[in-house]
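Single-structure report; data block below.
Naming follows writing order (A, B and C), and every chain is counted from residue 1.
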């Protein structure tokens, strides 16, 4: 289906009542936020600063509340359905990738319920960012994986392709704004996104890396690449596929809540035992774990690389630690 | 702000002067507002700025720190450190948007029951004017 | 900056038996980025650079090395660490000496007088960014961007980092080796960011910071990158007692940011790293500079200048201001 850009405000208006979230400028960076009545949505952005994973896996979520000395628990009501507009294909793919973990040994009710209530409306990338490398890790600027509906910007109109029944339903609801697509539009789309793919300069050659990484366990490479790491969580908190969490109890007077919040393997206390022993005592082990987790353990368990090539960790690392560069060095060591 | 709003003040008093001063006010039957919750510490220099922040976070509308007069500290110089640190804290809190009327510091000696009354009155009055603390209170935010 | 002299000095230093490594800058992986370099042998000094992109403060690495338990009979590596330091970095070193976070005999400071650094985000915003490596150079008064064979003249004030506009100490305050000539100090600009906030009333400031702190993701990059945040056991990682909850909301974020800023009051040497690395673009520098100014004006103290000074918060003067006391 085609949506003329003149009809775009109307299209957005239709969705606004349905808990619509879209990228919004906050400070200098884009972030997903609730769109209020009468607000304009602009899709002119590269990638949001914080990935939309938080809509299904919030940074802090209350699992239940309780009172001290009382075994009753109150579970909070989960949020209602929401629509995310303008999700980049890499972020949507990441949602599909972490879903595998949350469905692994048992079904995680929190993530899955939230995920079920999300409708992801994607926006294919015409102009991928500087440090994007999605094609190298199985994605594409127009990948539809994980999305319900994908929009392609064709200049003066959007080509809409539904991926799931949720997407179809959304198209059905906005039927009167849409026109049928023609062969020309499809052709334009194919050309545009082949071009977009060609704009991506950074590449990762991951052939052999998942199998080879365990063999490099004690390689001097890890000390070299981690020497400048300052041990902050920028790379992991802003990673769309990082999914580690910690569970803590917070007590206020006699009331308490158990909540789960994002955690990062780059923090020192992540693997700190009560005894004082730390199984990953230095940044060398922590960096090694980050790369291994993404490019080896995850592949081993779920048969997919837990990196979607969005480039956030490269763009935002305070000390220019570059995952593409690390993987290049890994590859070099393997040969 | 509701008509019958009563501010909740947390006061950190040093064991040797201010606590004794408050005690004297009590034994001398000096009347002062009952909005004060006293926490006795050994020295005003022992008051970690985190205590002040945490009190505000957990529901205080105002915080008072009181110690011996400069030069009278039981530990010689504890209150001098407190003066420097908490003075900085006051500036910092004011800069990030905490009303300066919510945080006070005073010197009250063991013989100053009446001064204690004045200090409490001033603190409570200021907190009353500033209204209920709604800044970064923990329970108001998605708890 | 004379790169020849820098590399010659560096080679001389790392060749010494009592030097573990030299911390400096090398070319980064893309655009005009630079990355910290850890040079262990004289052969690798060739990668060292000093350019307007070297905004980062490397003094943070002096205290970042983890002290893991050693096998019985093995001794700790007591060799010195050499460090390339600009004006602000050298002040961090001095402040670390004041606090005895490091010892003078453990560090060799290679002073690099600094004509002013660029802000990468300003540069990328105004002149674009490339995946291909480029280079920024000083050309006397302004900067030159060398990219793909083109040379682009960039007016100094277009891309100069904020900390450099406000800088009062561009020359290293201590050094064992000084590379090149000391630069001429410039008049620091007026701190309009702090001034604007001070002009607001207290509620206006509260609203401003609420908007800022709500965005914080608590990645702690500001803490970790800070050369003066080096506690072995940070209050933020403590669980018992939990002073500041791990939960991310406005309340805890504010508590975190206030305690971070307070811990740096009278210690912050205004290198602007916290603000540079913040992925949420929170202007942390404003709080730090405000506190630094209060300390300077009210208490007449400026951290990071005199290695023999007493730490600000662990000392007092009998006549400290007490106009705020009831």
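One rule holds in what follows: contacts are C-beta pairs under 8 Å (C-beta built on N, C-alpha and C of every residue); 3 or more make two chains touch, one makes a residue touch a chain.
What you see is a predicted model, and the numbers here were worked out from it, not measured in a lab.
*Asks:* With contacts defined as at the top, give the pair, A-B or A-C, that has more of them.
*Replies:* Contact tally favours A-C.
*Asks:* Closest chain to the protein CA centroid?
*Replies:* Smallest offset from the overall C-alpha mean is found for C.
*Asks:* Between subunit B and subunit C, what's the gap in Å when you average each chain's C-alpha atoms?
*Replies:* So the centroids are 36 Å from each other.
*Asks:* Rounded to the nearest whole Å, what is the centre-to-centre distance of subunit A and subunit B, using the mean of the C-alpha atoms as each centre?
*Replies:* 47
*Asks:* Distance-wise, how many Å sit between the C-alpha centres of subunit A and subunit C, to the nearest whole number?
*Replies:* Roughly 31 Å separates the two chain centres.
*Asks:* Spell out, as numbers or ranges, the residues of subunit A touching 2 or more other chains.
*Replies:* Where subunit A is concerned, no single residue meets two or more other chains.
*Asks:* Please list all residues of subunit C that touch 2 or more other chains.
*Replies:* In subunit C, 245, 249 touch at least two other chains.
*Asks:* At least two other chains touched by the same residue of subunit B: list those residues.
*Replies:* As it turns out, subunit B has residues touching two or more other chains at 138.
*Asks:* So in the complex, the part of subunit C that touches subunit B is made up of which residues?
*Replies:* Against subunit B, the touching part of subunit C is residues 197-198, 202-210, 235, 243, 245, 249-252, 254-255, 257-259, 261-262, 265-266, 287, 290-291, 294-295, 298-299, 312-316, 318, 320-322, 324-326.
*Asks:* Please name which positions on subunit B make contact with subunit A in the complex.
*Replies:* My answer: residues 58, 138-139, 143.
*Asks:* So in the complex, which bits of subunit A are touching subunit C?
*Replies:* Against subunit C, the touching part of subunit A is residues 26-29, 31, 49-50, 59-60, 130-131, 201-202, 227-228, 230-234, 237-238, 246, 248, 250, 259, 261-262, 264, 267-269, 281-283, 314, 316, 318-322, 324-325.
*Asks:* Using the touch definition up top, name the residues of subunit C that touch subunit A in the complex.
*Replies:* Spelled out, the residues of subunit C in touch with subunit A are 28-31, 33-36, 38, 56, 60-61, 64, 66, 68, 121, 129-132, 212, 215, 217-221, 223-225, 237, 239, 242, 245-249, 273, 276-277, 279-282.
*Asks:* Give the list of subunit A residues in touch with subunit B in this complex.
*Replies:* 62, 252-253, 257
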